[in-house]
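Going in written order, the chains are labelled A, B, C, D, E, F and G, and every chain counts its residues from 1.
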């Protein structure tokens, strides 16, 4: 049997950096919207890599399927919640100016929060899809 | 909070959808879906009231003023469609709680309600938004959740049906996004009102005409206009019953709304009818759809699929009304939007009751159900008669305006009126095939089969009674539809 | 003066990077089987990408862009051999037969050490 | 007064509820039926009283489409129809009690329920205040009689039901509805008005087409070629046939034709344009062809059915004549044919129940064992043919006079020939019954008159045929209010 | 239709070619996964069209905005450059990816239910089931 | 000079694409696609550099990451028919 | 398994080191050095370290700080080797007549840890002309494009250098 030293060690070394990079993309994506989406994809990719190397079960122990589904749901809630908060603060839906005294800062916080929602959702959806695929092949011999 | 009604219309189902996943119990998720869909209906009704009293309601997302930011803009047309969608959403949600027990895997039920609410959110969003790109986004939200909903059907054919719908729906959506992009390139705006103001300057350009074509084909794919309807019959036949009831009553209606909004409000009636000859393109398609699909429906043995083909034919009626290029014709279209939602909703929900008890809607399996499930089959009969267009049902009201619209045009259009009537008779044939089997054959199935539970019957009969109520008192609906038609036509072809 | 030197250096690096890139690509087409092609692909990944990115670094000078370019390069150099190794391993266990001069197959399970497997070319 | 109109619809509806409630107790159930029928007749009589003094009670039920209400209005023609229908409902109920029990029919409750529903729809048709309301109740009548037609539940019954509903709905949706929308487009209203609403609003050609759409669109009038449903519906129990032929369905059809001609087109307008001449001849053709086909039928009910096809076109013909005499004759014939034909059907049913005979050729000598029935049949025959001393002679007289007035001498000839034909094919039955020797071996032992309740009904209608000869005044007066003297 | 016309609109031709390729794959391939690939190529061609047209991406000048709540007093600083064009493409891409995910998920379940991903095969199985009913 | 580099990259990618299309084995295609991926990373870097958009380098990094993980996933799928299989621990070490 | 105190400390220190490395990378990547972004950086690195620790992948293999010093010497040498073998393979490919003589060979590697084997295997693969195709224990299976690539001295040198690199730290 051929063992997987190379890929295993490689994945181990890479993973923390990938996670860090994902969040870096999120926090620095504010000037060009969409950071949340890319970050979600990258974060999901990190776990996909771990699952490829350590097996689905190992990853699902840390990241159970129900948790991932909730992430997908939670992101939408964050997104809509930010809108509702701005509404409660007397502005229109997603009127970020409401989030801080300084309009620019408010915009920044708002986009960051919304992108966080996007990140969490994209991460949840992507990992769910990966689980779906990775979990299916098992029934074949 | 009342100034936020436009956004709440979308946000309430949008926020409830993920919460359904958090509530991992099927019934809790269902209860939340009911709550959300009822709130959506209340909001839609409030919006309609506001629009009727004050005219157009506008809401700027994120405080960005309209031409730049996304604007939600409600006039009488989309207020009307919102009410239709929200009504069906509110009726089907409680029905689904019981219905999915037999039609969806238990562990997928929270997912079902999530997708249901997302679909509702998408459809409401398409209707309410005043931004063309936002239309595309909501269209995809509703479509993706629709694919998921269809695939939840128990039979494996639900999967292939969903897949085919996905392929055709995505092609349609891509066509729409091409059209939207071209419009943006030409005008630099995505705001509908802005587009409507800017487009006349560039009417002559080929790009605008190409955009028009892409949008037309894309939307017609979504609304299953013959011959782009191929995805619909199987999708409706194999989806879980509440999904079929919901989709058949709302999804294609919203697509028709999109067609009206894009071609009459944004491009304008003058461009559509006088420059592009939209009526001349739609008329033959609508007629062929009505006749051929009615004919095909007659020979179906699966009643769900039978009604699905009937839906394609009924979409033909709506498009036919548009092709009259007159206020009366458009009134017929808008009325039929509402009326067809009521009748198909009632019919598919009645079928859902049948599925709940006997697990099949093959015509043979329904023999003798008239006695076993009297309320269910009575609902089916009333819905069917409405489909045929028997007076005192809503179906009659739309047929009335459709024929009136045709006769107003005089001449050869008499023949169009004749075809409408002929196909009503065909509807009678396919409806009656089922009725005859249910009432005049002896029951052959399991002896324990009895009437469907109240939790299914009450929503079903709510729609059945609506079929009758709005058939007996159609003054208000007719007036709203006529008002909406006048807004859309803006003085063109009014007679 | 310094600018000119840097400019020439950039030219040199980019051109030689392009050279290895193209050579590797030719090898991808020319070489007889998947295993030999891996060596060609490796050229593009190592010297091809390396020299071009180095050229960009030289051009850009010492700043955050260079840091990023180096990060990209480090990532490519770190992952490329892992992917190639995984591919080779998968190909062998998947039944791909390495090309040999004589046309007879090398036995991948052969336990003989260095030099075993393929006889020398005539 | 307008409350009475509502009651005329509500009473049969309440009756259905009563019948359903009392379904476990047949006697109470039938009593409820009878009482309801009696009450309804009393109500209609009250309305008759008011209308004959010139009142026009009216009522709006709802407004389904802006400008097109669901409205009731009692005018003389409608009252005439309502009178006939409500009176014959009593008689038919009595007859049904005997027949259904004697024949051991299943689902008797369903029968009475839909019977009552059908009568309610008939009242709606009779008192319809506009074309739309007429159409609504016309369609409801088709639906409520469908379960009656398919009562037996056999394959033959299903097939008949398909033909029945198929023809009635396709003509009404295909032609009638089109004509209604067209009328609305031309006139801007659908209300029935004296002198017509289309008067002066349409050309001769349009009127001719519209009139045709109405005549053929009202499939219940059974004008050829849309008559097939009538013989097909013969599979139904005899009381249903009676209801179809005499009381409700076909009468609703010809009544609608007459009412539309009078109140939508206006007879003067139609006569002036001459737009109805082609339909006169269509009606004439139906009259002759119907009679000829009746001749060929050995099955008694089928023969009666084709007789009805033929006779209905008398009414249509009268309407198309579009003059005072013709319309009076037309209206009177609705009544006279109703009493005559219901007598014949009752007799046919009684023969079926008592002797289990359905073919004309089997009736030889039966008259001696069932004298009352065969006498009644004879009276009914006279009325259908139009011979004194029966009511039928009046309507035939007025129709003939109307034809002459319209200058259509040829139609007089058609009337004569058709009368002779009907005399021939109907008189064969009492003649066979009384004067032919039964075939060998005789099967008539043990056969006696039909059930008691049925017999009462038969005698009542037969007597009514004679009474209407002596006292046709109520109907005549109503018709003169419609068409002028 | 000069040569110049073709050359100056090269991006259109590339996009149209890609679109046709995608559409061709979508229609002609019986394998469901290949259909999804075709759909992706088809969609990607549209994104490329917009990216290449340049009017949508980049080159959009920042917009000076009136503060919506400022009561007419114009805000001098650019709050954010108009994010619209980027967002459009990005959203469309996200939608495309979501569609692909759902499509692939369906394909997985179809493979499980039918044991094949070939359309002909699936149609055959479905026809058999229908005949059996 | 960047244009020349870009051209070299495109030609190299085209040649690799030939290999991807020709095969003949699945491994050839994976190898070629992985190689195209790496070249795309370089291309993105060059183009970003050319357009003065250093944020393209983040994109290049993301692309490289996806390329790597995608390759590993495809290989695992080819080898095991299952993306979620655990490591085989029947050898030494691990 | 018993967790001794030194092991705990070792683990925690590795976590801290990993955190530090990540934060270093954050500072390299980030071009905003405001307080807010530093806070973001702290959060980011903490999340990354936390997740990695929960996955159980923070250990000697994944945080090879002990090799840092040796790597400074090894990496330049490796780059040079890569360049040399690139040239050799380029000559093979560009030769008018393709002269490849591929073979697969097995040999025993001197590294004692998986990390060492990982470095050695990747170094072999990184240099064109040879590809590690399999490792079982200390047995390496390598594919070479021409025989000379593998029976030359480079491989032995590389084997030794990696072993030294590994050994220095140990």
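For this structure, a couple of remarks:
Just so we're on the same page, a residue touches a chain if its C-beta (ideal position, glycine included) is under 8 Å from a C-beta of that chain, and two chains touch if they have at least 3 such contacts.
All values derive from a computational prediction rather than experimental measurement.
In the absence of subunit B, chains linked through touching fall into A, C, E, F, G | D.
Counting hops only between chains that touch, subunit B reaches subunit G in a minimum of 2. Centroid distances built from C-alpha atoms place D farthest away from subunit A. Should one ask which of A-F and C-G has more C-beta pairs in contact, the pair is C-G. On a Cα centroid basis, the chain most remote from subunit C in this structure is D. Inter-chain spacing, taken between the CA centroids of subunit D and subunit F, is 86 Å. Centre to centre, using the average C-alpha position, subunit A and subunit E are separated by 22 Å.
Inter-chain centre distance (subunit A to subunit B, centres taken as mean C-alpha positions): 35 Å. Distance from the subunit C centre to the subunit F centre is 12 Å, each centre being the mean of its Cα atoms.
For subunit C, residues that reach two or more other chains under the stated contact definition are 24, 26, 38, 64, 68, 71, 78-82, 84-86, 89, 91-93.
Residues of subunit A found to touch two or more other chains are 1-3, 5-8, 10, 13, 21, 28, 32, 54, 58, 91, 97, 133, 136. For subunit B, the set of residues that touch two or more other chains comprises 60, 63.
Residues 2, 6-7, 10, 13-14 of subunit A are the ones that touch subunit C when the two sit in their complex. For subunit E in complex with subunit A, the residues that touch the partner chain are 67, 69, 75, 77, 79-80, 83, 86-87, 90, 94, 98, 101, 104-105, 108, 111-112. Of all residues in subunit A, only 31-34, 37, 91, 97, 103-104, 107, 122, 125-126, 129, 132-133, 136, 139 touch subunit E in the complex they form.
Interface residues of subunit B, counted against subunit D in their complex, comprise 385, 388-392, 396-397, 399-401, 403-404, 407-408, 417-418, 421-422, 424-425, 428-429, 432, 436, 439-440, 471-475, 478-479.
Here subunit C touches subunit F in the complex through residues 10-11, 14-15, 17-18, 21-22, 24-26, 28-29, 34, 37-38, 41, 44-45, 48-49, 52-53, 55-56, 59-60, 64-65, 68-69, 71-72, 75-76, 79-80, 82-84, 86-87, 90-91, 93-94, 96, going by the rule given at the top.
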